[in-house]
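Think of it as A, B, C and D in the order they're written, each chain with its own count starting at 1.
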Amino acid sequence: MVRLSGIFCPIPTPFRSDDTVDERALRSNVARWMHTPLVGLVVLGSNGEAPQLDDEEADRIVAIVRGEVPRDRVLVAGTGRESTKATIAASRRAAAAGVDAVIVRTPSFFKPQMTSEAFVRHYTEVADASPVPILLYNVAMYTGVNLLPDAVEPLASHPNIVGMKESGGDIGQVAELVARTPRGFAVLAGSATTLFHALCAGCDGAVLALAALLPDECVNLWTLVREGRLDEARASQRRLTPIARAVGSTHGVPGLKAALDLLGFVGGPPRAPLRPAGTQVIEEIRRQLDALGVLPTARV
Amino acid sequence: MVRLSGIFCPIPTPFRSDDTVDERALRSNVARWMHTPLVGLVVLGSNGEAPQLDDEEADRIVAIVRGEVPRDRVLVAGTGRESTKATIAASRRAAAAGVDAVIVRTPSFFKPQMTSEAFVRHYTEVADASPVPILLYNVAMYTGVNLLPDAVEPLASHPNIVGMKESGGDIGQVAELVARTPRGFAVLAGSATTLFHALCAGCDGAVLALAALLPDECVNLWTLVREGRLDEARASQRRLTPIARAVGSTHGVPGLKAALDLLGFVGGPPRAPLRPAGTQVIEEIRRQLDALGVLPTARV
Amino acid sequence: MVRLSGIFCPIPTPFRSDDTVDERALRSNVARWMHTPLVGLVVLGSNGEAPQLDDEEADRIVAIVRGEVPRDRVLVAGTGRESTKATIAASRRAAAAGVDAVIVRTPSFFKPQMTSEAFVRHYTEVADASPVPILLYNVAMYTGVNLLPDAVEPLASHPNIVGMKESGGDIGQVAELVARTPRGFAVLAGSATTLFHALCAGCDGAVLALAALLPDECVNLWTLVREGRLDEARASQRRLTPIARAVGSTHGVPGLKAALDLLGFVGGPPRAPLRPAGTQVIEEIRRQLDALGVLPTARV
Amino acid sequence: MVRLSGIFCPIPTPFRSDDTVDERALRSNVARWMHTPLVGLVVLGSNGEAPQLDDEEADRIVAIVRGEVPRDRVLVAGTGRESTKATIAASRRAAAAGVDAVIVRTPSFFKPQMTSEAFVRHYTEVADASPVPILLYNVAMYTGVNLLPDAVEPLASHPNIVGMKESGGDIGQVAELVARTPRGFAVLAGSATTLFHALCAGCDGAVLALAALLPDECVNLWTLVREGRLDEARASQRRLTPIARAVGSTHGVPGLKAALDLLGFVGGPPRAPLRPAGTQVIEEIRRQLDALGVLPTARV
C-alpha cells in the first residue's frame, strides 16, 4: 500500500545553461528534501516541466531520483501523455524504474471530445495496464479541461487507481470529490493558495510546489487542520498565500526556480519558451521569503 | 517562394485497428487528393492527431506523404512541440524530409506564462533555426492560448516567417491580422464555419479539415469571394456550414474520419483517448453529405 | 450597532396569480420565520426578485415586513440600483421605513467601466448619503461583474459601511475578503453550497435562500463550525448541498418558491420572465426535502 | 411598415452637472443628426444610459426627441425592463408618445433561468401587447446573457416582431441569424468594429454609437458593401476601427460623450457610477478623430 496522506513536493527539473538536465543539481536538491518531513516526491509533474522533456530525459530523471529517495518515502512519477498508448508505455517504464505509483495528467488536446466518458475509458485502460498504482491528475489551469467528479467517482473503485491530485481551487468540486470517493481513495490538493480550505474540506494531503520551498510550513499547516486548530491554521495559510501565489499562477515555474535559487537549492533557468524570472520578480519573491524568515542568513 | 494562397487540406492520419499508422491508406488518400484543385497539404496538424504521435511515426508520415505529393503542390508539416528545443529539432527533420514549409502550433502548457513576448521569442528562435520557411499556427480551441496580433505583427517581418493559420472564428481578430501584416505574409483561415467571412476579411486562403471531404466546394467558395460574387459565396457558406460544424468543433477528428469513410477514403478509427464516431453521429454526417449530393452513388 | 453575525434569510416576494404582491402571504411567511433562530431578514434581495419590482412595490414590501419583524431581529433592505442617484434615493426611503441597514448590489450594466475605482466611488457616495449603515453586495452569478478585495479593502474603513455579502463560491476570494478587512467589518457568505467552507474561512455568517427553508439546519452548521466540530459540520454541509444547489444556481427563485410551497409557506409563482418550476423540478425538490425529513407529515 | 435598412444612431442622453437631463442639448443634438443620412434614431438604448434613467425621465426623453424627428425618419425607443410586466408598460407608453417601434433588450438578471424558452415567452407576450412593432435586442457584452438563434427563429415569425439588433461580434452567430430568419425580418448589427463583416454576412443595417459621431462614414460603408465594392469597404472599416473600439468596449459611453463634445455636439458627463472620460482618454479620442479629418477646424 502506498501512503498517500500528508504533504508531497512536485520537484522541478534543473537545467544547465545549455538546456540539458543538470543531474548533479537534481541529486543535491533531492538529498536536501530528504531531510524534511515531506511524505514523498513527485517527479515529472507540471512543475518538473514534464511536457517539455523528451522520453529519454524523463526516464533518466526517474532513475536518478529513485537513487536518492529511500524506500520509506513515496516516489511518484508523472506519466501522462496525449495518447492512451504513450501513457501506458511511459507508466510501464516508470514502474520498471521503481516508482511507487504514477500520476497521470488528463489528456487535453482535443478538448471538445474529452468528455467524462472518454476520461473513464482512458484511465481505465491505463490503470489496467500499469504495473504500479495510478493517481488521476486534474490541472485545468494548464490543460484547459476539467476532470469532473462524475468521471472520478466510477474510476475511484478501480483497484489500481488509488487517488488523485486536484489542482483547482474550486472548493465545491474538491468537497464533491471527497464526498463521492471511498475512504481509501486519496484526494490530494494541488493549490497552495487554497490548501487550508482543501484540508478543511477533507483532503488527505497535498502535492505542492510550495513544499519545495517551505516543507516544514506546509506540513505544519496540514497538522494544524488535523488537530482541529482552525484559527492557527487559517493564520498560517494567510502567511503562506502571497508566496504561494507568486510561485503558482502568477510567476509559475520561473518563479519557483528563482525562489529555489534564493533558498540555496539549484533552481536554474526553465526550458524555453519559459524564460527565467526577471529582476523585479526575483526581488518580489526575495521579499516574500524574507518576510517569512526563511532566507539563508548571508543573503538577508 | 512557397505559394500560400488558396485552399489547403490538413490531412488526418489513418490508423489500423492495432493503433499503428496505416501507411497504405495514407498513400491512397493522398493520391486521391492530388486529383483535386487543392493547393497543398498539411501533414501532422491537429487533424492529423499530431499531439498523439511519437517522433518516429511523425517522421515516417512526412516521408510517405512527400513521396506522393508532386513538386507543384505545397507540402507543409506541423512541427510544434511544447519546448523551443524540440520544435526546432522537429522542424529540421521535416525540412530534411523535403517539406516546403513547417507550421508551428503555439506551445501552450504553461498558459499564464505564454505571453506575446514569450511567443515572439519562441517563434523567432524557431524561424532562425528552421531550414525552411515557417507558418505560425493559432488554434485556441485546442491549446487554450491565443496568439494575438500584438505578437504576430513583429513576427511577420521575420524573413523566414511567411504566414500563419488562424483557426479561431473571431472575425475582428482575423481582420486585425490581415491589417497588421504585410502583403507577402499569408493569413490562412482555419475555421470552415466562418470561411466566407474570413475570406471577405482579406485572408489569402484557408487550411480546412472540410477540404479533405469537399475540396471542390471549398475552392469554389474561395473563387467566388475573389470574384466579388458575394451572394453566391454567402449561399455556398450556408450549404457548407452544417457539415463544417459536424467535422469541426462538434465531432472533431472522429467526425472527420467517419465522413472520409463515407466518401470512400480511408478514415478509420482515431487514436485513443479519441473514440470512433458512434452510429448516430455517422448517420447525421451521412445525411449532411447526402444533402450536398457528394455521397458515392452506391450508398445513396 | 447592527448585529451581523449568524444566519440571515433573504426572503422571496410572493405574488398572486395576477402578478401583484401577495401582502397577506408575505406577512404570514415572515411571522413564521420569526419563530426560528434566524438573526434577521433581508428584503428586496435577489431572491426577493427586487430587479423586477417597481419602487412603489418595493417600498410597500419594506413597510409590511418592518411591521412583522420585532426590534431584536435585524432587518436589512436591498436598495441597489444602476445609478448612484437612484441607489441613494432607495436607501433613504428604506431608512425612513425603519430598516436597520441597507444592502447595495453592485451596479453592473456597463461592465467594462465597472472598475474597482468606479465601485469605490459609487459605494462611498451611497454610504455618505445613507441614514443607515450599508452592506456591500457582490453577486457575480447574476450581475456578471466582480467586486474585488481591492475595492472592498478601502471601503471597509468607511464608518457607514459595516459589512458585505459575497455570494460567490471562490473560497480564495472569500478568504482574502476576511483577511483584508477589519474585525468589525462583517463578511457574510451568500452561497449555501459552500457555506461550510466560507465559515471555516472566517466568515461571520451568511445570507442564504436555503435558510428560508431550513433555518435550524443552517444555524446548526454555523454553530458547529464556531465550536470547531469540523467533521460534523462537513457532514451537515454534505446533507444540505443537494437542496442548496437545487434552490440556488440550478432552479433559482422558481425552485425556492416551489420548496416553500412544499413546506407550507406561501411560495407562489415568480414574476415573468421567470416561470414557475415544472412538475419534474417540484418532484426533485420534494424528494430532497423528504430525504432531510423536513416535509410536513401529511405530504410524506 | 417601418423601414429597417441602413444606419441608425442610438443617441446618448446629455446630463447637466446636477445630474438632470439636459433637454435643450438633447434637442440640439437631434436637430443636427437630422441633417445627416441616418435612417433613424434609437432613444433609450444602452448608449442612452437607459438602465440609469427613471421612468419619468425616459418618457420625457421620448417626447422631446419625437418632437424633433420628422415622420420620414424612423424613431425607435428602448423599452426593455427586467420584468415582462414593466416591459409591456414601457412599450405602451413609448407607443403612446408616437415612436415607430420599440427595441427590447433581453431581461438578464436571473441568468441561469434566461433560457431560449424563457426568452420566447417573454418576447411573445411583449409583442402581443405592444401597439407598435418590436425589435429584439441582444447585447451580451452588457447583459451577460445571449439571445440565441434558437430563440430568434421562432420569434421572427411573430407578426409584431420586425427585426433585431445583435450587438455581438460573433460573425457565425450573425450569419446564422440572417440565415434562419425570413427576408422581411431585419437583422441590424450593433458592433461598429465588425460592421463590414456583419454587412457582408447579410445584415440589413446597423445601430451604431459610432454613427452619432461619423454618420456619413457609416452610411458610406453600408453603401460600399451594398455595391459589392469589398476592397474599399474593407479599407473603410480599417480606418473606422480604432475610433469604433474607443467609443465602444474600451471607453464606452464616457468615450462616446467625450467624442461628441470634441465634435461640437453636447456630450456632457455620464451619470454616476459612470465617470467622465479622463484627460488621457479625451486626448486619445481627439487624435483618432483628427486622423479621420472630422474635427472642427478651430480645434485642430
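One rule holds in what follows: a residue touches a chain if its C-beta (ideal position, glycine included) is under 8 Å from a C-beta of that chain, and two chains touch if they have at least 3 such contacts.
Quick caveat: nothing in here was measured; it's all calculated off a predicted structure.
Visitor: Write the angle of the rotation needed to overlay chain B on chain C, where the fit uses Cα atoms and the result is rounded to the nearest 5°.
Guide: 180
Visitor: Express in whole angstrom the distance between the two chain centres, defined as the mean CA positions of chain A and chain D.
Guide: Roughly 51 Å separates the two chain centres.
Visitor: Between chain A and chain C, what is the separation of their C-alpha centroids in Å?
Guide: 38
Visitor: When the centre of a chain is set as the mean of its C-alpha atoms, what distance in Å lies between chain C and chain D?
Guide: 35
Visitor: Which positions in chain A are in touch with at least two other chains?
Guide: As it turns out, chain A has no residue touching two or more other chains.
Visitor: Sort the chain contact graph into one of these: line, ring, star, complete or other.
Guide: Graph shape here is a ring: one loop, exactly two partners per chain.
Visitor: Tell me, which pairs of chains are in touch?
Guide: Pairs satisfying the touch definition: A-B, A-C, B-D, C-D.
Visitor: Which of the residues in chain B come into contact with chain A in the complex?
Guide: Result: residues 19, 46, 51-54, 82-86, 107, 109-114, 118-119, 121-122, 125, 141-144, 249-250, 252-254, 271-275 of chain B touch chain A.
Visitor: Can you check the complex and tell me which residues of chain C touch chain A?
Guide: Listed in rising order, the residues are 169-172, 175-176, 179, 193-194, 196-197, 200-202, 228, 230, 234, 237-238, 241.
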